[in-house]
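The same subunit A turns up in both complexes below, where it pairs with subunit B and then with subunit C.
Take a look at the complex of A and B:
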């Protein structure tokens, strides 16, 4: 365990250093990622320039949702973006190399890539959350602060697991082209806005199929002391993370056992 | 164009992914219009139509065109293009047109299916509006292709193109009026968006479609677009020559 942690830090640091090495790319990457999510924020600003609140949510409360979605996303891209290389590795047969090394395959996959532009999302998310939290009526108590930290960590772990989960498709469908993983990852955009506005089908989609609502909406209900029938789900968020992690590790093992190489 | 058909499913998915925001926007505005009948001169009927068609239009010249233009420069393949006795800018725009036919057809299909099933989209304001809409879309298409071409020139200086693509897509989605109609933007943003050519991609065609722009206003809008198109056409040719002379090609 300690050896793994040390290895992880070392490998990840190398990846981050590599990313910083190409100056122009580094800054453009950060700029691009910030703009991508910033565009959504510009939209929110414009939207609330026209109306005061949406389904009972003010602009600052939506900013909280935005922040809760972006912070773990940024952390995940920084520290756990490796699974996105998995499908390409499987496709090209490079995965053989991973399997013969004396380090756990999962650890190697995680450290395959560190997307430095996660910094952009992390910053943007932190600013959005901070602004939202200080300008809406969010009463901080010590347990809420603890809850917030717990939620960020739990969301981060969930998104890391989801990174693995979606890319495991590579074990079953070896073409590296599939857009399903990207689509699944993109569903998080729904969770940047209050669930109340969506059609029931979408509510089910981002609660059950892709549990992104447990990252932003449900925890936000708890933080804002909203008394709805669903508020308790915010407290259950870490449990959902555990379920996702267990499911992912199970499928990962099945996938590993299935892997037969590409015929060298 | 044939390159584009080869990866059908991928293309379909890539376009479908951008449509996630159609559902988000629909839900948001649906909730917003519960409180008031009209926002910045738009009714809910018009807004629905706007959201859906805006994304359909923005799907024209999508990821793949930009990716391809950038890839040509990044991999050094550009040298091969240069040996051809054709204007590089024009060939790139023509390739974009080919790729876009497919993206356009898929986007259009999605718009029609969603439009009739869920969105209850409004028809064009009048026959004349419909004809001018098609014209404006064509001009907008060329403007977008040229803008992406100009951005792709930056690839002479960078190694990877992903960041550039993101930046470009986001700026376009805001300033073209895809995410939010120009009339609803805060003042500072509206001033910028009204002057720049990007509005020609989505906002101008839609204003014509919905009959928001009539008479001299309409003439002015179209003139602005055609004017920008001419400027970009000349400028892009000059810019790529300048860029090409300025930098060496990777591994060349």
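Take a look at the complex of A and C:
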């Protein structure tokens, strides 16, 4: 375990350094990500220029949702974006190399890539959360601070697992130019707004199918002391993370076995 | 050339190894693709079938066969990348696909087309990372890396990122990378593809050195006959998933080189010489006479059925012959013909 942690740090540091060394790419990445999410933010600001609240959520409260969605996303892009290289590795046969090294394949895959524009998301998310939290009626208590840290970590782990989960499709369809992984990952954009504004189908989608509501909406209900029938789900977020991780690791093993051709 | 295997227990032991792949059977065109989507049909193909192989420590084995014969599949089964459909593989006492991580410590693998260096960082840092990955202690790293650095002359490359290396330089680095943890076994899968003549020569020299001086067990798949002849004492030939020859490289001719040619030079041009020879040989079914030039008659025959002595006795008195030359096939020509698919191996003659 300690060996794996040390190796992870070394390998990931190499990727981060590489990302920073390509200076043009580094700044373009940061700029691109800032523009993308900045544009979203401009939209929100413009929206709240016209109305005071949506579905009972003020602009600053929506900023909290934004922050809760972007912070773990930024962390994931910086530290766990390797699975996005998995399909290409499988396609080109580079995955063979992973299987002849004395390190777990998952660790090797996770350290294949660091997306430096995660810095942009992380910064933007932190600012959005900090502004939102300081300007809405969020009463900080010690346990809420602890809950916030726990939620960020749990959300981060969940998004890492989802990175694996969506790219596992490569084990079944290695030639896939499939848009499914990207589309699934993009559903996180729904988590930037309160669940209340969506049609039931979308509520089910981002609670059950792609449980992004557990990284922003439900925890925000807890942080803002909103007493709804669903607030308790915020506290259950880490459990959802555990379920996602277990499911992913199970499918990862099945995928690996399929690659190796065990039992067919 | 033979290294001296010090032990008699095989380091690689393969028994009844079969690997079956399911290949989708798609009909051509969009219609076929759509039909496959709704009613997929598959065919089972044996990429490797009932392969038995024992390799002793310190042996160097060439594993040859035409494209699609099952070479790469076998290497993947031996390295633990793939699990067998049936049969067993034991490498240094381990079953590779079940003990992938332990097995990885015992082997080095060079895939000719794919580098294991990190693309963007200086070469030396890739070696350091591999040192961490293989848990090589500081002093073992110094010793092992020092030796490889000397023999492969890596010094000028160490500060260069791998992406700036030429193919030959990258191959030297990859060789060092695969041997850094001092594995007893090295698998080389098409290692010299794209390398120029002088780089190839250095590569072979290095492998020979590691094989002889360090007792490295080498398993090589290559289409390069020079690699095979210079590096390996033993050759295993595979065709359509089955082993068709396993033995000393220089004995392959005795087993498969049964096609001989007799070249006769005539004292003067004789346009009817080929008919004369053919008539004389009419009782011998395997022998065929041709006349490429007016003063030259060639008779090809099957050495399992006839001897050159018998043939010469049959027709030489009927022609005015000044000189006779007999061509025996070389190992190289046999392998080449296997690759071209015009050599039929009948497993019953190979014992």
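Just so we're on the same page, the second predicted complex is superposed on the first by the 258 of 264 C-alpha atoms of A that agree within 3 Å, B and C clash if a C-alpha of one lies under 4 Å from a C-alpha of the other, contacts with A are read in each partner's own complex, and residues count from 1 in each chain.
Throughout what follows, a contact is a pair of C-beta atoms (placed from the backbone, for glycine too) under 8 Å apart; a residue touches a chain by one contact, two chains touch by 3 or more.
Everything quoted here is computed from the prediction, not taken from an experiment.
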Examine A:141 and indicate which partner it touches, taking first as subunit B and second as subunit C; both and neither are also allowed. neither
Quick check for you: in the superposed arrangement, does A:30 touch first (subunit B), second (subunit C), both or neither? first
Looking at the overlay, what does A:179 touch: subunit B (first), subunit C (second), both, or neither? first
So in the superposed three-chain picture, is A:117 touching just subunit B, just subunit C, both, or none of them (first/second/both/neither)? first
According to the stated criteria, A:96 is in contact with first (subunit B), second (subunit C), both, or neither; which is it? second
In the overlay, answer first, second, both or neither for which of subunit B and subunit C A:190 touches. first
Who touches more of subunit A, subunit B or subunit C? B
Could you tell me which stretches of subunit A are touched by subunit B in one complex and by subunit C in the other? 22
Contact set on subunit B toward subunit A in their complex: 7, 9-10, 13-14, 16-17, 20-21, 23-24, 27-28, 30-32, 35-36, 39-40, 157-160, 162-167, 169-171, 173-174, 179-180, 184-186, 189
List of subunit A residues in touch with subunit C within their complex: 3, 6-7, 10-11, 14, 17-18, 21-22, 93-94, 96-97, 99-104, 257, 260-264
Any idea which subunit A residues touch subunit B in the complex? 22, 24-25, 28-33, 35-36, 38-40, 42-43, 45-47, 49-52, 54-55, 117, 177-180, 182-183, 186-187, 189-190, 192-193, 196-199, 202
Write out the stretch or stretches of subunit C touching subunit A in their complex. 19, 21-22, 76, 79-83, 85, 97, 100-102, 104-105, 107, 109, 111, 114, 116, 118, 120-121, 125, 129, 132-135
